[in-house]
Amino acid sequence: MTNPFFQPVSAMELARFAGVPTFMRLPGLTPKDDRINEVDIGIIGIPWDGGTTNRPGARHGPRQLRDYSTMIRAMNPVTGVAPFTMVNCADLGDVAPNPVDIEDTMNRVTSFYDDLTERGITPLTAGGDHLTTLPVLRALAKSEPLGLIQFDSHTDLFDSYFGGYKYTHGTPFRRAVEEGLVDPKRFVQVGIRGTAYNTEDIDWAEAQGIRIIRIEELFDRGIDDVMAEVREIVGTGQTYCTYDIDFVDPTYAPGTGTPEIGGPNSFQAQQVIRQLSGVNLVGADLVEVAPPFDAAGGTAWLGISLMFELLCVLAQAVDARR
Amino acid sequence: MTNPFFQPVSAMELARFAGVPTFMRLPGLTPKDDRINEVDIGIIGIPWDGGTTNRPGARHGPRQLRDYSTMIRAMNPVTGVAPFTMVNCADLGDVAPNPVDIEDTMNRVTSFYDDLTERGITPLTAGGDHLTTLPVLRALAKSEPLGLIQFDSHTDLFDSYFGGYKYTHGTPFRRAVEEGLVDPKRFVQVGIRGTAYNTEDIDWAEAQGIRIIRIEELFDRGIDDVMAEVREIVGTGQTYCTYDIDFVDPTYAPGTGTPEIGGPNSFQAQQVIRQLSGVNLVGADLVEVAPPFDAAGGTAWLGISLMFELLCVLAQAVDARR
Amino acid sequence: MTNPFFQPVSAMELARFAGVPTFMRLPGLTPKDDRINEVDIGIIGIPWDGGTTNRPGARHGPRQLRDYSTMIRAMNPVTGVAPFTMVNCADLGDVAPNPVDIEDTMNRVTSFYDDLTERGITPLTAGGDHLTTLPVLRALAKSEPLGLIQFDSHTDLFDSYFGGYKYTHGTPFRRAVEEGLVDPKRFVQVGIRGTAYNTEDIDWAEAQGIRIIRIEELFDRGIDDVMAEVREIVGTGQTYCTYDIDFVDPTYAPGTGTPEIGGPNSFQAQQVIRQLSGVNLVGADLVEVAPPFDAAGGTAWLGISLMFELLCVLAQAVDARR
Amino acid sequence: MTNPFFQPVSAMELARFAGVPTFMRLPGLTPKDDRINEVDIGIIGIPWDGGTTNRPGARHGPRQLRDYSTMIRAMNPVTGVAPFTMVNCADLGDVAPNPVDIEDTMNRVTSFYDDLTERGITPLTAGGDHLTTLPVLRALAKSEPLGLIQFDSHTDLFDSYFGGYKYTHGTPFRRAVEEGLVDPKRFVQVGIRGTAYNTEDIDWAEAQGIRIIRIEELFDRGIDDVMAEVREIVGTGQTYCTYDIDFVDPTYAPGTGTPEIGGPNSFQAQQVIRQLSGVNLVGADLVEVAPPFDAAGGTAWLGISLMFELLCVLAQAVDARR
Amino acid sequence: MTNPFFQPVSAMELARFAGVPTFMRLPGLTPKDDRINEVDIGIIGIPWDGGTTNRPGARHGPRQLRDYSTMIRAMNPVTGVAPFTMVNCADLGDVAPNPVDIEDTMNRVTSFYDDLTERGITPLTAGGDHLTTLPVLRALAKSEPLGLIQFDSHTDLFDSYFGGYKYTHGTPFRRAVEEGLVDPKRFVQVGIRGTAYNTEDIDWAEAQGIRIIRIEELFDRGIDDVMAEVREIVGTGQTYCTYDIDFVDPTYAPGTGTPEIGGPNSFQAQQVIRQLSGVNLVGADLVEVAPPFDAAGGTAWLGISLMFELLCVLAQAVDARR
Amino acid sequence: MTNPFFQPVSAMELARFAGVPTFMRLPGLTPKDDRINEVDIGIIGIPWDGGTTNRPGARHGPRQLRDYSTMIRAMNPVTGVAPFTMVNCADLGDVAPNPVDIEDTMNRVTSFYDDLTERGITPLTAGGDHLTTLPVLRALAKSEPLGLIQFDSHTDLFDSYFGGYKYTHGTPFRRAVEEGLVDPKRFVQVGIRGTAYNTEDIDWAEAQGIRIIRIEELFDRGIDDVMAEVREIVGTGQTYCTYDIDFVDPTYAPGTGTPEIGGPNSFQAQQVIRQLSGVNLVGADLVEVAPPFDAAGGTAWLGISLMFELLCVLAQAVDARR
């Protein structure tokens, strides 16, 4: 049953360029709003790039993603999913980051998501750099380790940077496994590429049982085959999907901090998400959109288009759990 | 007495790049909200460029102005005015335009502003091209012709374009005088320049008693002297201020449709507004910000900074009328 | 027999960056020129975006396409077609639009093309938004409904926008079928994708017998197979080809108003046109190039390169009809 | 008497963004056209940057200047000059450069201007880098040395570069004086600034009697005073005016190869030209607009606006000589 | 006596666009080089923006400043100072920052500058955000509090951000005074403007005896008068000069994180530095150049041009102390 | 054995955005340095575009390639090659071009590379336009004609331009074959496409026995098959590889002078190089990166990523010859 309150503003009434831009023209709610308890899926921004080791700017991601999101319509024409009529969706605003303190910010994020978890809201997050995923997982994996599907050109599995610093956007999933938030046997990475420092990350992953599917393997085997394996790896348990925009080729997604050439095109970028239908998703994010490196906004348009795909599979998962 | 509900979100709590961007981080209200009747000054967007004869894009103005407005703080350090503590301000959203029909859009605008007038809300508008001012004046000048202060590089006083078409952004003030919305004797234009088609507009203005102060006169006499004359022309009667961003030199404001070189710099652009203190303003607008011609956003930052100056003098006028 | 008057200026004599930019460095002619009656194919600009519902700017398309067209050489190296030696080509200038009136502009366009039809000139048009195709079809389909091949990411088959407005760039082909300009049984759309409002357009198309080939089908079956079907659908009757630049992936064609990710690359964008060899084409257009969204000009370079491909198959068709 | 053939296309009939862009929408003529002999002032492009020692791109200047020139109207609102009704103006196209040979190109330029001189056409030139002025002077100074007014941030008076190479954009006026094309006693430079290699150029200038007015002197004394001196220096004899866009501050004119901060603004850039009224000008140019460094086109808009000012004083000089 | 080793590479030999870009084409030295002890003035980059509360990117400043610095020549044409022949200058590379830890980075900076101080090298620094000045002052003010001349649009005198965080780019000079690094009686700020949070910073400054010269005062009194007062305030004692690029109007310097309209132009930006001749400068910096917000590089060109002016007055001070 | 002196600076110690940018953070050496004789592979820039017939700017290529090269890490994750540990690599600076003389510049280049050849250094070059390859080949092919593998969209085999001029970036390989520097039977071109002037180049190539593989053939047969043929053509003899960035589709590589749509993507652009493993390479270059047409730097990032791939196969070849 479609809830009229939770429908996006129609472009036939208010042209796409008009209006204050909430995510996908959904109602904007805060924890103080009564109706927040009707929300099934909350879209949240985490405007933070405190873990970035090279080119910053992902803190500006949620703003630009919201801007372009007003060009998103209501229905997935391929899968037929119409998320806004299946589940109640809302823009829950941004987590307030502390740009000058990493630990404080991580605590703020976890606290925000703890509240969502208590309300039974499934989160779809717009980053922020990849370190933002760690405090989200801390909230979502309270009861048990999650499966993890990571689309990315980097493993983000390093131990530390700059002489022992443990929290950067190159280390979150090492921490997540160490903290027991992610089950390494149900953790798969897709799209890895780019020149390497060494094999530290790969060796550690192997030792843990993490499955790494490099870009060459993805292109050789094809999306259908690879994604079938991905679904098998995570199985039916609770699973999180994290999508780094640098998974996509930098010509398609220049607005990011650490681009690596030789990646998928935008069609392939959509296809891998559509293959997540049926996975027991408890949350998802799209991270590393850095608008200063793509003022023209193409990366944000790609990013929000992919977030809509993520929303469609999340809506299916939420619906399936009812 | 400061009303906490109507205070902007503090950057010390939520960093400037975070959050859904309403104008100046004010609360966003619609006519359906109860609290709308507490509003003294409403900031409204009119995202429409249907009257544009050359380079379109002003329909995207309000969105980008809102985005940059989150860098505006709370107080005017020169005049000492702190508008948000003097009067209740709110973002009232955008008028829904009809991009494919001029007459329909003008009616929608007038209707929206009629409602504001009935509620006693003083409007500060973000255009839109300069034709947007006409339907606003139709709502505000219901009872009597207004005085008009126009900062602009063009007179916008032509009779018609393209073989007799009467409603373009080059004609609004010809219409406004003809319709009795503006008293030509209390109408002054400042900053006029640029190559001319002919002297049709100037001759007509002269015949009506409209005062035109070209840019050369402004620079020769200085801002203090010219603005004293401006205040004298409009006197103590109800007055509207319309500020076309192309008043400013196009190096400072490239994001506009019809730039003319040789204009004021950003400091002068501020100064002329500060000199409106004491004028009996019943509304103001800033128009012709066209983001596609300045994706980097400098024009929007200038524009919203000028809107804050306009807000300060509007707040003084509202306060004075109490 | 090559007509020296109708040859482009050679880059070996006048470097590509030099000279006043007519389309492909062809002679520029107006209806007043005697030699206009020797023209076989006229290239015309329709600089108009009055039907645009979201991001305007296509009115600037013809100018930028002409600019980049001076990098086009004389021969298609794949098909071997050398259009300028097969038929007489000329730049016939732009139709004068009325930026503030849709109906007036459509009448101006139809009138311009009526004149071309009377002179036996086959038109290749540079838009303009997609509404520009409707008044062109009104001129070309005077005697009988045409077949139509549409490369596009959108169907443009909606009934109306903004509360009943019938003429926008989202509605032209609904109107064209209703007006009997296009035979729905000989109408095929290729490349459709993007999030959907609903299924109104698709349902209506189905009811009319219009064939819609979505992007997934194009990629699955391959260009050869799909284009064979396209040729079969339009058969040997008179056919028009309309090519919306947003058919191509927005990374390749960012300079357009309504981009949709997941589209063809530039090689595929060329291939589909080369497969039109043998079709009885009576005209073609390339629309929706909006330079304000791609100041760097990549979209225009792609667009004019595709226009050269269209010119090659048009020249073959003109030649075949002799 | 206004000659209808030589009037620009009106924007009231053909919108500014439409049409093939000749300079200022004037008729385009070549030496083969009969009507070329009716031309009083010819506007010519020299798309060449073969003398550029640092950042190239001025070869693209004329194209972009033509593009923006369609926003120029018919009358100078300050001086009242309406050049198109005073004298016959036309776009005479571009000189064909040889991008890979300096000497050949200089000969091509001189030959083109010799032909104009023979026809009695006064040239207004759009460069090209500053070396383009030298071959123009070779044609114009056939009978006697000219006076020269140079607006520039650099003296361009060096002897040679890169180990003895004599023809670069840093040396043209050394050559012009050496070749007897310019009378050093009637040669004045205005606006010189920027860090210096050494004092070679200044010392040589002083020895020749060339007057150099640095930017500090221009700002201290004011435009009126300095320009009175300039007029006195060149006197009543034949005089050429060369305007390097880098005279203007690079924030106003980023699109140039060798920017120097601390220059005039766009109003001052206009004022100095208006003060040339009464000078016996036999030609003028605007050089060093390099579009690759200002794709947004602000520099070209400034440049063509200044060319219109130059056209107004040229028209007065041509008229005065009749 | 000019030391040939410390001369910049000549553009007459190696064109400006060629070569690995050290600052001003000077020799690059590290602490391990023997010749480092011959250095009088070291130019150092601190690529760090860890204190940035809004738009990051100043970490990329030194790289882009070096790139544009190859267009700097050898001599100041106004003051006649030729720094490279007065004192030995060298590029000493960048301090290695830790992008994910503020305290660690500040310690690294202080340690680097301690070493310079021990070697008797006077530093000219390219930031980095304004927090970078604090650890530099910690090294330079070891023996006594310094005078401080700050060109800026912000006071950077706040106590804390985001709930008590003490080290941001809005707080360094509060800390510097508290730590006794700067003598508040010999501390003057020039150019302050922009909307205000409140008067916390101003009130605190007043209480300390810090002199704040707002932009209005600078424009009213003129540069000569104001700078005479500045020189008087700092007197003959050791003085540091910190120049935030946002002192300059954002149209001239868009590439910065917190722009404020209504500032000086580039000529005025130079003039204030030239007036520092005679001040007993022991170091200087230029901070807050953020290339992601000005990819075209105009801000960097302005910034390095100002650094050359700073170098000239530093060289005079070093020379005077010999 | 890894030589510590020749290792790139680690990003774990010095963040990627910091430091003076030599190629791939390698040590910078000049012929005067003692350690130059330990170098196996030298990376050299030739910042020159004197042969460019259309859009210049490749002279700025090496600077921007160096800038982006600091994001290159140490190891090829696909082939496992770690070039810096296999052979000694260094940045040998730029050849000093003469921007105003073609012949002089070509002599300077050949002389520079003669010196490298004498020292036994294998060169990897960053252009510059494609004419730069000719003087490099003159140095490398002193003893015998080389095999040549050219990735390009143009043949560059024309005889002359602009009325007989023999040295442009459209003619280098005609000259190279004529001068006996390249064995036409061991010369293969891959990726040729774009509209054609005529068949002069193709006909001449055929007559010489040069193998041209058009883009259609590359896509039809696939990279593995085509590259096997390429390896067979050049055989075991000394071979040079020249890679024009316009081989890649212009959406991936907009920063180039003569783009042609319909080219390979970035993954394919890498793959063709990886297939050169085993070829007896004596040098390689990447040319035609023109930063003014891609200020955002995507082309440079692609270009340097491809240079790293070239370095890997060069290192293998050098290692194999030991």
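Every chain is named by a letter (A, B, C, D, E and F) in the order it is written, and numbering of its residues begins at 1.
Keep this in mind: a contact is a pair of C-beta atoms (placed from the backbone, for glycine too) under 8 Å apart; a residue touches a chain by one contact, two chains touch by 3 or more.
Here the structure is a predicted model, which is why all the values come from computation and not from measurement.
Taking the definition of touch as given, a chain qualifies here only if it contacts subunit D and subunit E alike; those chains are B, F. With every chain reduced to the mean of its CA atoms, the largest distance from subunit B is reached by F.
Subunit B and subunit D, compared by their mean Cα positions, are separated by 39 Å.
Rounded to whole angstrom units, the spacing between the C-alpha centres of subunit A and subunit D is 56. Shown for subunit E are the residues in touch with two or more other chains, namely 13, 15, 17, 53-55, 59-60, 99, 161-163, 251, 265, 293, 296. Counting only pairs that meet the touch rule, the chains in contact are A-B, A-C, A-E, A-F, B-C, B-D, B-E, C-D, C-F, D-E, D-F, E-F.
Subunit B meets subunit E in the complex at residues 10-13, 15-17, 71-78, 251-252, 265-267, 269-270, 296, 298, 301-302, 305, 308.
Considering their complex, residues 49-57, 59-60, 98-102, 104, 161-163, 165, 167-168, 292-293 of subunit B touch subunit C. Looking at the complex, you find that subunit E touches subunit B at residues 53-55, 161-163, 192-199, 214-216, 219, 249-251, 254, 258-263, 265, 293-294.
Considering their complex, residues 13-15, 17-22, 28, 45, 47, 59-60, 62-63, 66-67, 91, 93-97, 99, 295-297 of subunit F touch subunit E.
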